[in-house]
Each structure stands twice: as structure tokens, then as C-alpha cells.
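Structures for review follow.
Two complexes are shown next, each including chain A; its partner changes from chain B in the first to chain C in the second.
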Partner chain A sequence: MTETAEGLKAESTEVQTAFRRLVLGLADTKRLLGIRYSDWLLGAPSIEGGIATSSMAQDEWGHARLLYAALKDFGDDPVALEHQRDAADYASWDPLDHPLPDWAHLIAAVVIVDGALALALEGILEGGYEPLGGRIGKMLGEEEFHQALGKAWFQRLATGEGEGHAHLQEAVEAMLGPTVRCMAPGDDAHERLADRGLILPSSTLRHRLAKRLDPLLERVGASVPTEARLDNGWDPRRGRGTGHPEEEAVERARGDRNRALFVE
Partner chain B sequence: MAELTTSRPLPVVKAPSSQEALPAHVRSHASGGRDLWTDPLPERPDDPDAALLELLHEVLDPELPISLVDLGLIYGARVEDDVAHIRLTFTATACPCMEFIREDIRDRLTREHWIDAVRIQEVWDPPWTRDMISERGRRRLRELGVGV
Partner chain C sequence: MEEIVFDVFARKNRGDPLSHVGYLSALDAELARVYAWKTYDEENWFEMCIVPRSEIIPVNRTDGPFAQARAGATTSKGRAKAGGRS
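Moving on to the complex of A and B:
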């Protein structure tokens, strides 16, 4: 099935709102992930690792920009979305609300958060929404390098028995549940889109993520949860927890420091 | 401390400067290779689409000294009612030179009196890969020691 922007506009308001929530959530998460990656440009365990985070940060910002631009079809102004929103309006996934405290958390974010984002994009691609489908192939191609780096580092840290292993375990424990909940919440908005065939059902997404990540996660005694808990602080409007990213990160996301130099 | 001296004059190496040793298309530093752009065509060409592609061959990538066409970024180019329609992709979703590339294309094409406006459609499908670099582009990159 191929769905055009015009076709989506003919859908119910509920379907359009749900789809906008999905795309905005992915865009904001990629923007925040870029910031969290960029925090490690200097300070990675190796210079090559730092350079990799630089490239990945650049990719994430590029992906975010393409996704924000796609929201034009929903009546949004991409410039306002990128530069004029309060932290409380961000729909980015919860695990990125605060800086990643160490390299193990950074690696967990690459494997879990970035991996789940890629899967969510694959789900949209399979849904056939044409305006995004043409962009997602390129994004997924770039994501392959992120996963290659993330998995190599994950195995390296998980194999050790010292502090690295413990930090990785802690990071996975903190990120896995909230990430899966955002990617595949199983709430009304998500399942409405799945019923319409625009995205994959939450259960399919969780199953696919488990198939992809569980062989890695089992090295730290974890596995992808089969159900998402929505009874502890879920914001259905934004499709994430009730908190928000900290102000400092949002100031960077908006580009507050260089506001006078905008060229858009 | 004893003064260091030498009885032998130091050799003087006579070689072209590194800039002079490079081909013209590599030495071009003006954005998009604009110092190498040809003069506007005196008349409207018989085959505007083919002429358009030739003009785009003059626009260089800001980071690699090969044309946007040879780099494989131009997915389509046609002229309709004196408007140039370009289908453009980028090597990466966050290419830092996007704005320069758009500007260089517009500036080169609007020098022609038979082109009133330029419409650029950015496309990502099929995704750009290094396989899309032309043989001529590969040759030029190899001259610079860039393996593709």
C-alpha cells in the first residue's frame, strides 16, 4: 500500500494526530540523541570513538531535519518546530532527558535507543507513507554504521567483568523499558495507526526488537520486555513519559546561543 | 653554547608550488568552482536539457573538486517554460554543504538568459552511494589520492 500526504489528510483527525505524534517523537528523539552523542566528541575512550560519535551526531541531526520537514504536510512550520519550542513540548524519548553519564551509557543508547529508532522507521517504511518512505532508505543506510559500532562496543564491554560490564548493565536496565515503551507503547494512538496499516503493531515491533537485540542483551542478563507499562506516568499527547528533556539540552537543540545568526 | 655552522650551502629545491602542481579543477577555491565557470551561452541552445546538464558539469562539490554531476548528486535536470528543474540528492542527510550546493547551482544556472528560475527538488530515493560517482569523477579523485 502507498499512502500520500493527501491521502493521509483524508483520514480522521485522530489518525492524523497520531501520525504527527509519531513523526515528531522520532524527530525530537533524533535531535536529542545527536546532542547526547556530541557530548562524547571529547572524552571517548579512544580518539576513533570520539570521531564516530561526531559522525553519528551529524547523522542524527540530518535525520531529525528531514523528519521535521515532513511535518509540513501536517500544517507545522519546521523552523518553529526546530527553534521555538519549550522543553515541555519535546516528544523525545525519556532515556535522553539527561546527559549520558559514561561511555557504557552512550553505547547502550546506540544499541537500544538508536536501534529502536531505526526499527520504528522501518515500521513506517513498511506502512508505505510515501513522503517519508523516500527519505527513510537513506537514513537506514546511515544507521547501519551506528549499529556496527554500537554492537562491537557492547560486546567488548559486556565481555569484560570489571566496571565496564557493571556500567553497561546499569545503562541497559535504565534505558530498555522506557525506550521500548516509547517505540511500541500499544496505546490507542499507536494501535490506531497500526490498524490503518500505516505502521507496525506494537507487539510486532517489540518482537522484532527482541529478535535483533536479545542475543546481545543476554550478555548483561537483560531482554526486551514483551509488554509496555503505561500506568506509571505516560503522556499520550507526546507519546512519552510525563517529564521532559532538561533545559540545557533543549537550548542547544534550538540553537539559542546563535539565534542571531540563523540563515534559514 | 657553540654556534652551529655549516660550510656547505643548504640545497635550494626548485619545484612548482603545491598549488601549481595541481590540475585547474583542483586549484579552484571559489565556491562551486565558480572561477572556472564559462561565459553564458549567447543564444538559447537547441537542446536545453542537454545544455543544462553541461552547465551542471561546471558546478563543483564544495569539498571534493569534481562536479555535482560526476559525484552523482544530480538525479534529473530538465528545462520547462524557461525554468530549470533539478532533482538533487546529497551524499549524507546532514551534509554540511547543502546550502552552498543549492546556492552554487542557482548562481550558475541563472547566469544564462534562457533560464528564468531554478527549482530544486531534493530527493533521497534511491539513496546516494559511492557507486554513483562517474568514471570521470573516479579518475579525478584518484589523481588526488582519494580511493573510491
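Moving on to the complex of A and C:
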């Protein structure tokens, strides 16, 4: 089944609002993820690792831009979305609200957050929303390399018994639950889209993520949760927790300093 | 953790000769595959391959870089992007 932008406009306001929330959440998360990757351009364990991280940051920012542009079909101004929103309006996933303190946290973010983002995009692709189809295909091609890097490093860090293993375990524990909740919340908005066939149901997404990640996660004694808890600090408007990314990261996401140099 | 030197080969179009485009250091082949694709990304390559330098068999000399690598020099750091072309 395919769905066009015009077709989606014929859907109920609730369906349109839910789809906009989903796409904005993915766009904002990719924008923040690019910032978190960029923090490690010069701190990676090797020059090659730094170059790969730099390239992944560029990929994420490119993906975010494509997703923001797609929101034009929902009446949004992509420029305003990218440059004029307050931190409290960002729908990025909770684990990226603060900087990633070490390389182990960066690797956990690649595997868990980036991996869950890719799965969410696959869900949209399967739903057949035409305006995003071609763009998602390109993104998933690039994501294959992100996951290869994440998996290889995760195995390395998990195999050791030193500081790297402990930091990885800590990062997985902190990121896994909040990430799965954002990707597959199972709330009304998400399931409304799933019922309409535009995305995959939350249970299917969680099952697929577990199949993909559990063999890795079990190395640090973790597994993808089968349910999402929405009774503690869930913001249904943004599809994430009630907090927001720290102001400094949002200033960078908006490009405040660069835009201050513009001459009218 | 010891890093391995990999040489990177690529061709721009189907039918082009496979050219040596550079080298890099990585902990294993899977990381080397990612690093190669992300480092030598200045072209829209049709095909890219990597080979552990220690697996390249020298043919005509015993004092070249590949011969030395085969003799046991398997570690190297920080030569991928800048000065990475040989």
C-alpha cells in the first residue's frame, strides 16, 4: 500500500498530528545525534574512528534536513523548525538531552539510539508513505555503516572487563528504556498510525529491535524491554519524556552563532 | 588491543582498474570496512575493497613497504587521511 501527501491530508486531524509528531521526533533526534557525534570528532580512540564519527555526524544532519523538509507537507516551515524553536519544543529522544561523556556512551548511542531510529524509519517505509520512501532508502543505506561500526566497537568494549565494559553497561542501562519508549511508545498517537497501516505497531517494533540488538546487549546483561512505561513523565504532544535537550545543544542545533553573522 | 594495517582499493566505474587509494589502521576487518568507506569518500565509488597489508605477497622486491609489512610490521597509527596515500 502507498500513501501520498494528498492522501494523508484527507485523513483525520488526529492521524495527521500523530504522523507529524513522529517525523518531527525523528528529525530532532537525528539533529541532536549529529551534535553528540560531533563532540567526539577529536576524542575518538583513533584518527580513523574520528573520521568515521565525523562522517556519521554529517549523515545525521543530512537525514534531519530531509525529514524537516518533509514536514512542509504538514503546513510547517522547515526554516522555522530548524532555527526558531525553543529547547522545550524539541521532540528529540531523551538519551540525547545531555552530552555523551565517553566513547562507550557514544557506541551505546550508535547501537541503541541510531539503531532504533533506523528501525523506526523502516517502519515508515513499510507503511508506504510515498513522499518519504526514496529519502528513507538513502538514509538506511548510510545507516548500515553506522550499525557496522557500532556493533564492532560494542563487541570490543563488552568483551573487555575493565573501565570500557563498565561504562558501556552504564550507558546501555541509561539509554535502552527511554529509547524504546520513544521509538515504540504504544500510546494513542502511535497506535492510531499503526491501525491505519502507516507505521508498524509498537509491539512489532520492540520485537524487531530485540531480535536485532539482544545478541549484543546480552553481553552487558541487558535486553530490549517488552513494554514501555508511560506513567512517569511522558509528554504525548512531543512523543518523548517531559524534559528537553540542554540549551547549549539546541543553540548549536539552531545554528544561533552562525546565523548571528548573517547580514540582512 | 593491536591495530592492523589495511590497504584500500577502489574503482570508480564498472570495468575500471582497481586502484590503490590509501590505507588505514583498524582493530579488525569489520571496523576497517567502515573506516575505509567513511575515510576515502571523495568519490562515488562503484566498488571498494580492503586487504590486510600482511596478506599482500610481494613479487619483485624484498625491501618494499609490503614486503616489510609481511615480515611482521602489523601496527600503525594515524596515517589514514593525511598522508595516507601511497
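By our rule, the second predicted complex is superposed on the first by the 259 of 264 C-alpha atoms of A that agree within 3 Å, B and C clash if a C-alpha of one lies under 4 Å from a C-alpha of the other, contacts with A are read in each partner's own complex, and residues count from 1 in each chain.
In the analysis below, a contact is a pair of C-beta atoms (placed from the backbone, for glycine too) under 8 Å apart; a residue touches a chain by one contact, two chains touch by 3 or more.
Quick caveat, the model's predicted, so the values are computed rather than measured.
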On the A-aligned overlay, A:M56 touches which partner chain: chain B = first, chain C = second, or both, or neither? second
Using the superposition on chain A described above, determine whether A:A10 touches chain B (first), chain C (second), both, or neither. neither
Partner chain(s) touched by A:A152 [first = chain B, second = chain C, both, neither]: second
Quick check for you: in the superposed arrangement, does A:G133 touch first (chain B), second (chain C), both or neither? first
Of the two partner chains, chain B (first) and chain C (second), which one does A:A88 touch, if any: first, second, both, or neither? neither
If you stack the two complexes on chain A, which partner ends up touching A:I47: first (chain B), second (chain C), both, or neither? second
Applying the touch criterion given at the start, work out whether A:G141 contacts chain B, chain C, both or neither, answering first, second, both or neither. first
Where on chain A do chain B and chain C both make contact? none
Once bound in the complex, which stretches of chain A touch chain C? 46-49, 51-52, 55-56, 145, 148-149, 151-153, 156
For the complex, which residues does chain C have touching chain A? 1, 3, 24-28, 30-31, 33-35, 37-39, 41, 77-81
Where on chain B does chain A make contact in their complex? 92-96, 99, 123-129
Touching residues on chain A, where the partner in the complex is chain B: 58-63, 65-66, 133-135, 137-139, 141-142, 263
